[in-house]
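In the two complexes that follow, chain A is the common piece, with chain B as its partner first and chain C second.
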Partner chain A sequence: MAVAQPPLTAPPQVLGRFWRRSPMSLKIGGLILLVHLIVAATGPFWAPYGQAQMGAGLPLSPASFAHPFGIDQLSRDVFSRVVHGGHIVIFLAVSGTLLGLVIGAVVGLLSGYVRGWVDEVLMRFVEAIISIPFIVLGLLAISAAGPQLAGEPVLVIFVVALIYAPRVARMARSAALEIVTKDFITIARLRGESAWSVMRRELLPNATSVLLVEFAVRAGYAPVLVGSLGFLGFGMRPPTPEWGLMISENRALLIASPATVLGPGLMLASLIVGLNLFTEGLARILGRTVQIASR
Partner chain B sequence: MAVETLLSVENLGITYGQGDEALAAVQGVSFTVAKGEAFGLVGESGCGKSTLAYQLLGYRAPSARVASGRVVFRDTDILTLDRPALERLRGDRISLVPQNPTTALNPGMRVGEQLAEILVVHGRAESREAARIRVADLFDRVGLPLPGRIGRRYAHELSGGQQQRVCIAMALACEPDLVVLDEPTTGLDVTTQEQIIGLLLDLRTRLGMSMVYVTHDLGVLAQIADRVGVMYAGFMVEVAPTDELFSQPRHPYTRGLISAIPRLDGGAVSGQHLRGYLRRSEIPPSGCPFQPRCEVSEPSCATTIQTLADVGPGRSVACQRWRALPPVPPAEPLPATAAAADGAEAPLIEVVDLTLRYGPRGWFGNLLGRPGPQVVNAATLAIRRGETFALVGESGSGKSTIARAISGLLPPLSGTIRFAGEPLAASIKGRNSDLKRQIQYIFQNPDASLNPRNRVSEILARPLAMFLGLRGEAGREKLEHALREVRLESGYLRRYPDQLSGGERQRVAIARALVAEPSLLLCDEVLSALDVSVQANVLDLLRALKRDTRVAMLFISHDLAVVRGLADRVGVLFRGTLFEIGAVEEVFRPPFHPYTHELLMAVPSAHARKRRTMTRRDAEAIAGAGCAFAGRCPWQVGKICEEQAPPWRDAGGSLKIRCHLPVADLADRAIWRGGDDERTTVGVAAP
Partner chain C sequence: MAVLRLVIGRIFVSVLTLLLVSFIIFSMVEILPGDVASRILGRDATPESLATLRERLHLNDPAPERYVRWLGNIVQGDLGNALTSSRPINEILGPRIFNTLMLSLFAFAIYIPLSLIPAAVQALNRDKTIDHVLSIVSLILVSMPEFLLATLLLILFVAMIPLFPAMSLVDDSTPFWEYLRALALPGMTLGIVMAVYAVRMLRDNLIEVLDADFIRMAELKGLSRRRVLLRHALPNAMVPTLNVTALNLAYLVGGVVIVEKVFAFPGFGSLLVDALQLRDAPLIEATVLITATVYISANMIADVGAIVLNPRLRSS
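Right, the complex of A and B next:
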């Protein structure tokens, strides 16, 4: 827990020293992420074609210099679509994870502090949710939401949060169980602090490193989740250039024009690799060896 | 007398880390240990004593490297040995007794096997049978009960003292020439500590082995060491024969250390405490490391490297100013603690027949679970406003449990607690904010009681906002005042706990309790996690608080000397039963309850060499209807002790003792007469 508090404004030499001391995985992961973020932020301005612009070339053209990822059946430039889609994928993944983290952290920390029957009920509920395979859970949630919401970004975010929150809650609870044994919690209890206030003032600041790593691990897998939902047709609505959806749309072209599938696939894979490397490095800095969660 | 030198350390330097972050843990240390000699190494935490001790076995942390010097053990430089040679040496010729036996013993292996392993590794036993016999012999030698069978037990089945005995047996297994002991009694109760030291003294005379005894406790060294080396910030600052070191310390640091030790006769050498604490960053790069804290330093101290120089037969000191040290003033007894209030005043807190138990609660819990053992048995005590009541006893005696019950953390099984005449709700939920404000708890370990992620200002502001409704600017003044009260500057408000030293952290914890303007402070072993010199400062602070604020304190401690210097009244607790209660001067002079007597006899004293006691060792008390101390009591009368609860007896003044023996008998049997120097305590008239 003895992680030094970083100063609020880090002078350049501090950043330089931080960089030199960082593990290699953090550096590589960070670079990959940086490239992705730049592409996602600036892509719409320099992409050669619009995200749904047809007539970019002959349908099913293979990869060429002008069209690095080829042209799809609707004569759209796949490369431009991939570039346009970056911010969508990242936005869905990050906001879904963030929402799941917040819900999970609150439930887990409170549960670990309050204990008793509240803890029992919450944790059994959480375990029940975790026992459902996440894709099945996602599909159930989406079908339950009904057709009006289908394909809305909000729904995708909620589904990601629903899948992650119980898993985060368990982590947060175990972190809380360790913190509540400390005397400063007893002091707060003796002061008559409410459970909410103990959670916010005493538990949360001490669980930040656990939650940070948890966020990074979950965010690292979230693009796959978003992509999987898209691939199955339960995610974003066409013609959104979401990468999973694009892989799904173009999968029939795998033989004729493989670049149309491999392009978005490559982007998705590199984003995930970057996130995971970054997570591992972050975890090492925070002094925890985190098994990169595969689920 | 020409003695053979067994070990000689020459100009040893050990550095942690690399480059500009390198930390010199040990610098230019030289000393020798003769055959059969016990050499003590003493210093505050962080002075490099453990690093040095482990190096004597050729061991150092992976990040450490030897910068200079030699460690010569019987004509061999240990630092030049390769790994196989070191492995042959360790455990065989040089062995270690570790600080914490609980973690040093393998929890998954029977203790006998662990011991036999050493014998086998070093080829000391030809067969399993021979090893088994030798193991039993060793267990017998270190005074373990049932030596033939205890080897079948696991470490967790032994008490702390027994575990340490096993570790000592392991160190002795191959009859080494040198045993290095790293704080071997620090985690133990005072009575257990006394037994272990007695054992070590005994083993030393019988086996003639040499010892290097590392500790922060000068009192222990007074019992066991022939010569003592005092370390400060990696330097050896003084080496002297033990007696001379205590009677005439030459280095200002040694003198500060000695005067910081609380005395059992309540005396204190005032104004001699060490200033500040060891900050590596403040040490002048080429000068005396102690200069920033030294009372007698002169400007040249900051620029002149001090080296050990002979100042008498067998004595050396690294200080150019040693001649300028004023002679040690005689200790003056503390002003008799003026009775805080006359007896007529109603007590602030009254505990009557309090019985406490851990374990399942409620009728449902009782139905299902086994009830936990009773930790506190019908305890009755009262504390008046402005009074300090000390609860003493060894660990597990239920001292903290009583404090927890008063604070509302543990609802009592039976009995009542009254606060200012009103019955106190059993749990915190039933108490109003004002009651919560009035009773404040201070914990033993400030590392755990301060939220590491909050600044000092946030830590102190919270109780202000909760209890007094003061926020922002209005509270600011109060915060600074609270810090001043614990003698910290307002600059500390911006710091995080990990930017404070142990003593400063404990003061912040005290300040947090004080901002609530409490009328009762529950101080749970608040000094025991601190270094001796820091302890003295915090103790001074508590005395000042007591004088200035009329706050009542329940002071829980296992350290009788600290209690002697602070408390107005004392209660002695053993296994949850109060056995003696009375004003502090009365408790510290005969008649004694046998257990109080045992505790007092066990206190190692830096100011007097030791007398031996005749207590029954390691006997377990018999649980049941009788006296809780029966079975361990050296003065046991007979069957009555085991069968009947002893009565409370009036022993004059306000003193009450719970024992079957009449008061006159108790007075006659007492060997301990009060006072550190075998004199009766000054300033207290005989009853």
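Right, the complex of A and C next:
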């Protein structure tokens, strides 16, 4: 029997209702993220100077109206560099997290479904990789990749994925273990569906909310990873305006012009606060609890 | 007996994981570009000298054989020699590990009051302004990368109020007082990072305990708020906190890598980064393996502690 559907509401009204019902953290986090996304997307078009343009003014000038974050050693406008860096940081963080999530989800869900020795071996490897603190694992992987790849965005993305994939896999596996007890999995198996097809059509849709929250939590920490690698000199290379690298470069100017460090620091911190608030709100809507900054 | 079996099982799994980690580390260092011999000899290398050195370092042996030999030496306590300084790694490690231990102790000394006090204040003033304010502060701090927090502390305590040195360079001849001052900023950074991680959980635990019947009972008996908090609530909220603290210990092995580097503190963490920068294969293998060992042990302690202290976990 067909149940009477409620009339479809116009999108603006749906959005309005969603906005009113959503938790405070989601609203504030969402607004911060929106500002960051707008700056990242449009910044390169309105930034007063180019991302590595020299001759912006007297080197080491402190913050002023014309140069809100001061001027660095190479007489580059730090504000412009910070604005140009937005899309780099967000792109590296999001694509690294996404790649890690996809690999981790496939491995974890399959492992939890097929069980047996495959599961045993995979999970031992996952546990072993997790036992190397992620910053150490990241540095090790970057050294192993060699000088040809050093400073390439692809390498940073792969390293973030390498760090996240095993952690996501462990999470996805425990989600799969819960789902496989359901009747519809037994039915799919009796239909003769392959493990891959069961994973794609039955497990994945039922693990969406787990994976969504996992993505949000990991994406919230990814800028820290990218920034830490850059700060230690293992991430992006100069003159890329990546914020962690900029903080490291301008640290020598701390006393002469603290704004050159505070500027990129403020952007990095606000991006992560925004992501974390958003995640907390999202998790509350989906009825899950999260440990922010899960390391 | 059941507990003992669980604990032994957990230890066995940890050893197995560590073995696998050693294999992963060895393979990753193996694929480091350029072989060890050409890295030692550098530009002076002639084909003949390279061949002799390769022979002497057994580089022509198959990788599995070298892995087994390397692992065998480590089990006997011999970590080999560093490439860059050709000194025994055991000798290099001593003072570095001592410095990092001192730093960790300092960080823990800051961590304990910094996590207990805000959590207690928040739990006692649940949903009041102070609770919300502290929640926001801890959320902001939890979002702060270590290197950024370290840099902010540098601005505050070096540039604005010159209290501590910007570089924590210490050696054997550093007087005790100077040594403590050198520990201040890296110690504070690590202490704050660990505390904000614990505060959120400790607050929720305390609130849960404060709602429990035995606390009602204690209050109805007419005990003072202070006594209820210190003698009844805190000890019961400690169990999950011990777990968090063990996890923080595991965090510390990774955390020191960044923080020591920021302050140029000559500890174990900066040794690891230096080894990676210089592509010193034996030193990389040794430091990463030690890091993983501490990490695995700390996690094991957290799990075993949870099993022993919480009978509900024993059945699973």
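Quick notes
What we mean here is this: the second predicted complex is superposed on the first by the 283 of 295 C-alpha atoms of A that agree within 3 Å, B and C clash if a C-alpha of one lies under 4 Å from a C-alpha of the other, contacts with A are read in each partner's own complex, and residues count from 1 in each chain.
The rule is simple: a contact is a pair of C-beta atoms (placed from the backbone, for glycine too) under 8 Å apart; a residue touches a chain by one contact, two chains touch by 3 or more.
What you see is a predicted model, and the numbers here were worked out from it, not measured in a lab.
Superposition of the two complexes onto chain A shows chain B and chain C fitting side by side, with no clash. Of the two partner chains, neither chain B nor chain C is touched by A:P68. In the superposition on chain A, contact of A:P205 is made with chain B only, not with chain C. With both structures placed on the common chain, the touch criterion links A:G57 to neither chain B nor chain C. Once chain A of one complex is fitted onto chain A of the other, the partner contacts of A:L190 are limited to chain B, with no touch recorded for chain C. By the touch criterion defined above, A:P44 reaches neither chain B nor chain C. For chain A, the partner with contacts to more residues, out of chain B and chain C, is C.
For the pair chain B and chain C, the model built by superposing on chain A gives 9 Å as the shortest CA-CA distance.
When the two complexes are laid over each other on chain A, chain A has no residue in contact with both chain B and chain C.
Across the interface of their complex, chain A is touched by residues 407-409, 428, 431, 433, 436, 439-441, 443, 445, 448-454, 462-463, 466-467, 496, 498, 512 of chain B. For chain C in complex with chain A, the residues that touch the partner chain are 13, 16-18, 20-21, 24-25, 28-29, 31-33, 139-140, 142-148, 151-152, 154-155, 158-159, 166, 197, 200, 250-251, 253-254, 257-258, 261-262, 272-273, 276-277, 279, 284, 288, 291-292, 295-296, 299.
Those residues of chain A that touch chain C in the complex are listed here as 124-125, 127-129, 131-136, 139-141, 143-144, 146-148, 220, 223-224, 227-228, 231-234, 244, 247-248, 251, 254-255, 258, 261-262, 265, 268-269, 272-273, 275-277, 292-293, 295.
Of all residues in chain A, those touching chain B in their complex are 1-2, 4-5, 182-184, 186-193, 201-202, 205-206, 208.
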